[in-house]
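You will see subunit A twice below: alongside subunit B first, and alongside subunit C after that.
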Partner chain A sequence: MKRTLLGYVPEKSIVYNFHPFTRLFVVFLLTFVPLLILNPAFNGALIVLTVIFFAVSRIDLKIFRYYLPVFVLLFVFITAIYTFFAEEEMMTEALLSVGGVTLYRPAINYALKVYLRILGVLFLTIYFLHVMTESEIVVALRSVKVPFVISYTLGLSLRAIGMFLEDYRTVREAEKARALDISEMNIFKKAAKLINYIVPLLALAIRRTDEFSDAISSRAFSLKTMKNRPNYLARKNRFKWTDFAGICLAVLAIAAVFYLHHRIP
Partner chain B sequence: MKPAVEFKDYRWQYEGGRKDALRIPELVIGERSTVGVVGPNEQGKTTLVRTLNGIIPHSHRGVLKGEARVLGENVAEVSHQDLSRKVGVVFSDPDSQFTSMSVEEELVFGLENLNLPLAEIRGRLEWITRILELEDFLAKPPYELSGGQKQKVAIASVVVMKPKILVLDEPTSMLDPRGKEEIFRAVRRIKEEERITLVITEHNLEELLKIVDRVIHLDEGTLVFEGAVADFINAFDYSQDKIYPPEISSIFDFLKRGKEWDGDIPWKLEEGLKRYQRP
Partner chain C sequence: MTAEEIWKVREGEIREPGIQHLVITALLIGVGTVAGMTGVSASVGFGVTFFWPAIAIQIVGGMWYGVWGGAVAAGTFPIISNMVAGTPPVGSLLWIPPNVIQGMAVGLVFRKFRLDPRLKSARDYLVFILVGGILASIPGALYAPWIGRMFGLFTEESYRVAAAAWLVGNGGSAIVFGIILLKALSPIVVKTRTFCKTLTA
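Let's turn to the complex of A and B:
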């Protein structure tokens, strides 16, 4: 199994025949569909396509049950917004009225369209995070000559998130050992006790920054070395014909989608 | 033997400090020697390490007196970056030293900074993964490694740059016994493969003394001993409780005080067992 940004996935699947940049590019391109098109047929098709991607990448579809609460919450939130704050032109055809609250058909229709649109982006994002590692994101960016300072900063940020969570876990355990457990407290008490977490986390961050700075210096890193680097990893991960084919296919598919969208009234 | 490091009337005091953090009247570390730096915490070991790669005086404020020369160059006159190319340092916390998102990326990071040709990078990567047995870890991210593996990668990522001097600053202090063992095995391998100058600061004398040729003992920031391991272990004050000598040496010191033993004090268990015969 391979550890990606959102969990463990099978190490061998068709998706890993593609260069990290191809994966990044195709997902990036597909997100334009829900971002620019409201038609539920297109967004529904995109969701189905993403589920096929999941299956082809041999990712267990049971993982969707972890995201189910998010999908439901999102549905409730969007429906509530278009029920209570719908524009006047959407409040023309009443569907039903419950306890003084009237649901209008156009508003609910529109809410469903918006929901499918956001769901499309969400499916693509979840898929992307399941098939990419932090390192692959950096390799993808370096392959297309994104300046080292940007790709390295992004890589460090991803690394820092992991380190911060590790430190937070350590501090939380240490505070629990001193009989401070905020999990049972109400939000105001939690806020008041936050300082007990912030101070050690800041101290750890400062220490780590100092040590990290020494570590990169001892690997001969300086502002000068950021330019004209050999870029070993980008050269090692070369594009294959399948990548060009994949990118071309994605571009053609997107062009076809936008053409069809333009033609369908 | 040519000197790799020379100190002469060297004194360093951190800004705001009341006394010298490090005082070394005279010290020479020979090229290709393996030296252990021992002493209690906060007694100058890290200051010595920071001087060797130029972090002191270039990145810390303080007062420097005397002279420290590394590979013939005065550390106060050569830039920290230039010195970093010749002196590789590995610190104690393996987590803070991971600068990349995978082991392979970490190993080539320094080589890319040196602007080496790709073929050379590939060759060195293969070499270091072979001698430190890192083949299975190359694609792994740092959080999937144990403490010992992370520290081994940190050491590898510095050694692969082929520095003339390798400094390990308490490399096992944050590791479990298994991790410590892994690191000492890796250091032994590096010593066999690469005849570089090795400076190791360490609390675990048991393992350290098996590797090093000479010992530097710092106490309250002052150099109190410099010499061969045998001289160090025989001149050691076993009544003090600041640093702990190897168990076997303590046993032989006890025997010596009880007139049960009158020879030299060993520091390796096997050597001690071989030497000691009951009357």
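Let's turn to the complex of A and C:
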């Protein structure tokens, strides 16, 4: 299994037949569908397509249960907005009235469209985070000539996230040993106690800055010499015909979606 | 060390951006992302978040590390933490302006008026609360419902409620968490070589 940003993917997954840039580009391109199109048919199709991507990439679909609270929270939030703050033109056809609160059919229909749009984006982003590693993001950026200083800082940042998540767990264990366990608390108490974790994490970051910058400087890196570093990772990841095919297919598919969207009323 | 001494570049003192600023930027992005992912952020999609403790990292980042913490890190880490909450980078890019304002505003004012980042006097507290907690959150509070409305998350009727909720949630956490972080860590940070007396070094 290969560890990715948010999970594990089998080493033999079909997704690794594609260059990291292709994966980044295709997901980036597909996110424009829900961002620009509200039509539930397109967003529903995108969700189905993403689930197919998950299955083809041999990613365990059980991971969706971790996101269930997010899906529910979003549904409740959007429905509440369109129930209590519906636009006037949406308040035409009453669907249900409970305790003085009336649900209007056009408002609820619109809320469901918005919900599908957000789910489409969510599914794509979850997929992206499950098939990419930190170094693959750096490879993808460097393959399109993003300046080394930017891709290097981003790579360092992505690795820092993993490091601080580990530190966060350590701090939590230390707090637990001192009888503070926020996992049992309600959301308000959790929020209030959060500072007990942020202060040590920030203190660790400050302490590590000198260690890291000394280590980097001792390898002859400086802001001035960072411009033309050899691109070792590019030699390990080369574009293949599958990448060109994948990118062309994604561009054509998106063009078809936007064409159809304008043709279908 | 007085507040004046904290910010004043002494004669002969060379302050220029170095590798340590790049490192602190990366580490602040790491801490900020983790703080934004800790499970209490009330994200409702497309980067709209009514309670976001990571705002404190943006504020102290701008205060201690100028543009490195207040603009580069403050503008970047929400993109990553929003991604984990399901917002694509394209959607998160729209959030860079209010995030940079939140990160830079109080740092700029403290540098300009030579106020103490260790919050020693009532004036320091007052300016921090007013600028860092309230004024810096206003652009975000006005902008968030607008972005939300663009994607259908909010209706016109809910605009005011959403703006008020944003201001209270994020402004409140900026004040509470920001004060604690500054009181706890500023005395150490101002003595480090990474601390930025000017906006860049």
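Going forward, the second predicted complex is superposed on the first by the 232 of 265 C-alpha atoms of A that agree within 3 Å, B and C clash if a C-alpha of one lies under 4 Å from a C-alpha of the other, contacts with A are read in each partner's own complex, and residues count from 1 in each chain.
Going forward, a residue touches a chain if its C-beta (ideal position, glycine included) is under 8 Å from a C-beta of that chain, and two chains touch if they have at least 3 such contacts.
Note that this is a predicted model, so its numbers are computed, not measured.
When both complexes are superposed on subunit A, subunit B and subunit C fit side by side without a clash. Counting the residues of subunit A touched by each of subunit B and subunit C gives the higher count for C. With both structures placed on the common chain, the touch criterion links A:M163 to subunit B and to subunit C.
Of the two partner chains placed around the shared chain by superposition, subunit B is the only one that A:S135 touches, whereas subunit C remains out of contact. In the superposition on chain A, contact is made by A:F212 with both subunit B and subunit C.
Looking at the shared chain after the overlay, A:F77 reaches subunit C, while subunit B stays out of its contact range. Once the two complexes are overlaid on the shared chain, A:S222 sits against subunit B and subunit C alike.
With chain A used for the fit, subunit A forms the apex of an angle whose arms reach the C-alpha centres of subunit B and subunit C; rounded to a multiple of 10, it measures 70°. By the touch criterion defined above, A:N186 lies against neither subunit B nor subunit C after alignment on the C-alpha atoms of chain A. Between subunit B and subunit C, the shortest distance over C-alpha atoms in the superposed arrangement works out to 9 Å.
Across the two superposed structures, the residue set of subunit A contacted by subunit B and also by subunit C is 156, 158-159, 163, 208, 212, 216-217, 221-222. Subunit A meets subunit B in the complex at residues 3, 133-135, 138, 155-156, 158-159, 162-163, 166, 207-208, 211-212, 214-222, 224-225, 228-233, 235.
Subunit C contributes residues 17-20, 22-31, 33-35, 37-40, 43-46, 51, 53, 56-57, 60, 76-77, 80, 83-91, 151-158, 161, 173, 176-177, 180-181, 184-185, 188-189, 192-194 to its touches with subunit A in the complex. Interface residues of subunit A, counted against subunit C in their complex, comprise 6, 27-28, 31-32, 35, 38, 67, 70, 73-74, 77-78, 81-82, 84-87, 110, 113-114, 117-118, 121-122, 124-126, 128-129, 149, 152-154, 156-161, 163-165, 168, 187, 190-191, 194-195, 197-199, 201-203, 205-206, 208-210, 212-213, 216-217, 221-223.
Subunit B contributes residues 53, 55, 59, 80-81, 84-85, 87-91, 93, 95-102, 104-105, 108-118, 121-122, 125, 139-144, 154, 157-158, 161 to its touches with subunit A in the complex.
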